């Protein structure tokens, strides 16, 4: 573990009645999501990383550079970050173009073909018609898109985003998220991404930092934390597990891909795909149903042999089961959420080997990896 | 107007020059001071703010007297004047500028300070995250957003400099062509009860100042509107 | 050559005419700066660029001489002012009786502390024995000019002004105060030490004493020189 | 149709390059959602209803009262509305309590037990610890919760909410939404609710106004619009249909209810329920799979006979089918989204009668009706 | 201090009273004017704003003379004074207040106007949706949020009224106990070159004004911070 490809932070401080005591280390190759309930300190941590808040007891190092530690403190404007604030914070005296180019080096449109070039960002965010507009004449979502574009165009080496998509409709979100992911991949641009939307995190993030009441509950790879029944994620209504898969076959006629993960193979619709390419899939606990026998003649494409590794009661009459893929359950883990009624009807128990049915369309998030 | 002696036009030129230069210097001096007052967390800053307002409290002749002493041979002004062989900065155009600046400073500092404070932290933080240096943040964000304060400061400073004559009379000495500005010229007419002439001059001053102030305010408004 | 002359405000108009005549006669320029006597005195002490001081009293020129800033030998009384009780109301002022009566609510005088005409007015009021009674009705102008304005705008019904202020003004009613009930308002001139070598300055002092100036002075309501013949110190 | 229980609006105007031409009528008994992409004019319509924007050509009548029409225009403060702005807009000079009580009649805590009483609203929104705090010391989500509470406590007769929950985490959202619904039900308080989150709308709304580019695309009951394949909703990735159901049986031991809808019966876990009570259920198109035969021994609780009424291609390799519940397909309509591969494998076609499998846990949103 | 005659204390009382009353009236008159300037969309509002600034441009003696005419028997002031049997408003404390208010108005109106404008629409809109009447919006939202402007206006207006003497001298008549304020008393010392006494008085004035201004500013700051 080379310290030069990690972000390491540790912040301790008191704000009125709020005590922050958060420390984590996360790789800079990949997107790190900061997740936790309202008021748990996500924004505060992000501000500390940006240098907007200076704590006496703080440490922050990015790729081996110490930005904050002991007496040394690098001022905000010398940190190569992009920051999307929770509220858009556009400059009211500049047009949209003026805002977009404020932080752009040389302050001119960048070379064409650049994945984060002016035209590309403007087109992706749908800002073409707004360029000469004053910020106060924009809608809420338009403002937030300009703020995202402005941060991207400043050519950051670390992008800090505080719930950037919360004002966007799902369509816009579905366009912006893959773009951010592509940006991350093609520029190797590390992100720290605050969100309260697990769906966004599943699409975008590789690493997760779970926060609660000013503290870090857990930090690690997204899939691991999602599948850990000891963490609160697994018992959430929207519990899901994200897996990395390899495309093992593709049928362009039907747009269906075979996605191999450890211990099994999923079938999923996919527009285009290259055999051997990597894909991320998310399996929602609520989308997984269990059957003693493999069913026939159904539109459910995915029926996989699994083994129940553990089972935890969730809510009042529900059970969350951790399933190991493959007949012996030795492969990747996914979660299944079933009613206690079904559980007892089928006489399910830990160690059982059975079939998991997963509706294919619920599987893939359109994010190139 | 043709009844007015030609040296009135010299006074007009002097006045316009004095008001323009003073306003310029007021903005140059007042802006950093206002910025400091708006941003510092020093507990004594309100003390500094109060000190800036103090020249206002002094009757102009008293202030004029202190300035006369300060600018004179025994004060720092004399030392400065000695550099080019003078004995005093009083009774010079430069002396008038110094006096006017000190007297009108609070009218400029306070509105600009308020405008800086009204901006709030967020735009400055945003600019810093876009890697704008403090200098760039100041010029490209703080100053444009504080424009109403600058307008008010400039207008009050300008108008007060045009009208003020107590200090100017004291440290200027009413010398035609060098320190006899319009307000002092009017004072002369007033002293000799030439009310007709005084009123013509005063009316001209008001019209001129009105045009300048009105134009500045309109222009400021216009500039404040970002291109549609 | 040219010389800078500091002129007490009440002498403004006469001084302008004298300067014109001076120039016609000698070819020198007298550049006039006007101000109140006290202020001009302060400025001269702070090395104002004046070579001549035409004061509205005797004290300040004398003080300058005492302080070494004025040339002792040059000091002289160039004019003596006369005090007038004036009202815009043509029927109000009827000699000293007006002051003894109750026909008015406000009596304007110049500030006796600062202005010689104010001091003279108080002297006259005391001599007439009405000062204490009139005290509550008195308003004070900063100088004779303001006093004149108080009356001219009707805010004060009557008041003491300088005769020079009423030249060319025949309105209202007036009473010229007898010279024997107040100390004449002697206005002294003095050459400032910086003007000793200034040809124009010494020429102006001479001109002021001469007949050319005398006519102008009288035209403006001053008595030339010390009307009672010189300084009484 | 009594005009005294409808909101009728018609607004026409031009804002720079944006043309608004929106008219709709919606009942005041029930929650109306305004839905559409960023910049389509949702906020503008809401502002017009509130009277914050005055158009020359505008009409607005609520329950028979004309608020705006012809020359008459009732000023904002005389309209009995509550408005939650897209940005919280707290008064910076007041504490949280001061903000909450600003619009409260009598400006004092209201009688206890009131569903919109001070203590109830504070508790529900989790503001207890924040009451003396200044707004600038709140997190983004906390600010938004205060804004919601402030609007509620002003005792409005019509609540206008502009994406009020966008800054909330799912847990907070899952608490606030049912509360809003209860408030609506118990106070008969009509809402107009702007959201870009279909999940929120399904939980809360009865009526839907679909907007696009300043115009109203469609307005009507939520379920109808969701199931109409001619509207863009049906081909969305998150297409779903909301149905009103009656609890026909309840098993408290397992917390399972039988929910009867027209043409079928769903089984769903439910904490508590009263037989005969009404429940809202949402069936996501992606949760529905089709089978030729009724499967056995699976944790899928719901297997219902259906008939394919119509099928429309969606995306590239997917098909959205409108299903009629019941063997003849005469009952309620739901949507199913299947891959073209499955469709062809199973040789599905319009008119087919088969079985729909729906995972029960995906069914019910916890909203009392 | 014991060298100063006892009537100085009368002048002190008068000055404090004049400055306090004038500041109060300035706020009462300036606030609605500032609100109107901030909110109206009339195109000529900048003209009105410029007119408010015009008294500044006039030398105090000229302004004083016009006021003398206006307050006098032939002006509106005389008509008003006639109501209680007076001839003129000049030479009265009330006249001083009128003059001071007119002269200091721009220092109060402009900062308050800027502060009102800096609030923006949103808080006012929010208050209206909470069914606050325009009057309540004004008092409970606009005024508290514009507090920095009120502070600045009050401080500048107060300080200027304490220090101004040109106008006061002209319309006051230097009557002990009624119009002889401190600045006029100092002027007397200045005219008679009693610089020692003038400086003592001036120093006292500055100290007093400093304390008042500093306290007002600190108090304003404190108030502006909402309870934690």
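List of remarks:
We just call them A, B, C, D and E in the order they show up, numbering each chain from 1.
Note that in this section contacts are C-beta pairs under 8 Å (C-beta built on N, C-alpha and C of every residue); 3 or more make two chains touch, one makes a residue touch a chain.
Source: prediction; values computed, not measured.
Any chain touching chain A that also touches chain C appears here: B.
Most remote from chain A, judged by the distance between CA-atom centroids, is C.
Between the two copies, chain B and chain E, the Cα superposition rotates by 180°, quoted to the nearest 5. The geometric centre of chain D is 57 Å away from that of chain E, both derived from CA atoms. Put simply, the C-alpha centre of chain B and that of chain D have 61 angstrom between them. Centroids of chain A and chain D (each the mean of its C-alpha atoms) stand 26 Å apart. Each of the following residues of chain B touches two or more other chains: 61, 65, 190, 228. Shown for chain A are the residues in touch with two or more other chains, namely 16, 87, 133, 137. Multi-chain contact residues, meaning those touching two or more other chains, occur in chain C at positions 39, 42, 149.
Chain pairs that touch one another: A-B, A-D, B-C, B-E, C-E, D-E. Across the interface of their complex, chain A is touched by residues 122-123, 125-134, 137, 140-141, 144-145, 147, 224-228 of chain B. For chain C in complex with chain B, the residues that touch the partner chain are 4, 6, 9-10, 12-13, 31-35, 39, 42-43, 46-50, 143, 145, 148-149, 152, 165. Note for the complex: chain D touches chain A at residues 15-17, 36-39, 42-43, 86-87, 129, 133, 137-142, 145, 162-163, 166-172, 174, 196-198, 236-238, 251, 254-256, 269, 271, 286-287, 289-293, 295-301, 315-318, 336-344, 346, 348, 357, 359-362.
In the complex of the two chains, the chain B residues touching chain E come out as 46-47, 49-51, 53-63, 65, 106-107, 110-111, 113-115, 117-118, 148-149, 152, 155-156, 159-160, 162-166, 183-184, 186-187, 190, 195, 198, 202, 205-206, 209-210, 213-214, 217-218, 221. The part of chain B that touches chain C in the complex is made up of residues 61, 65, 68-69, 72-73, 87-88, 90-91, 169-170, 173-176, 180, 188, 190-193.
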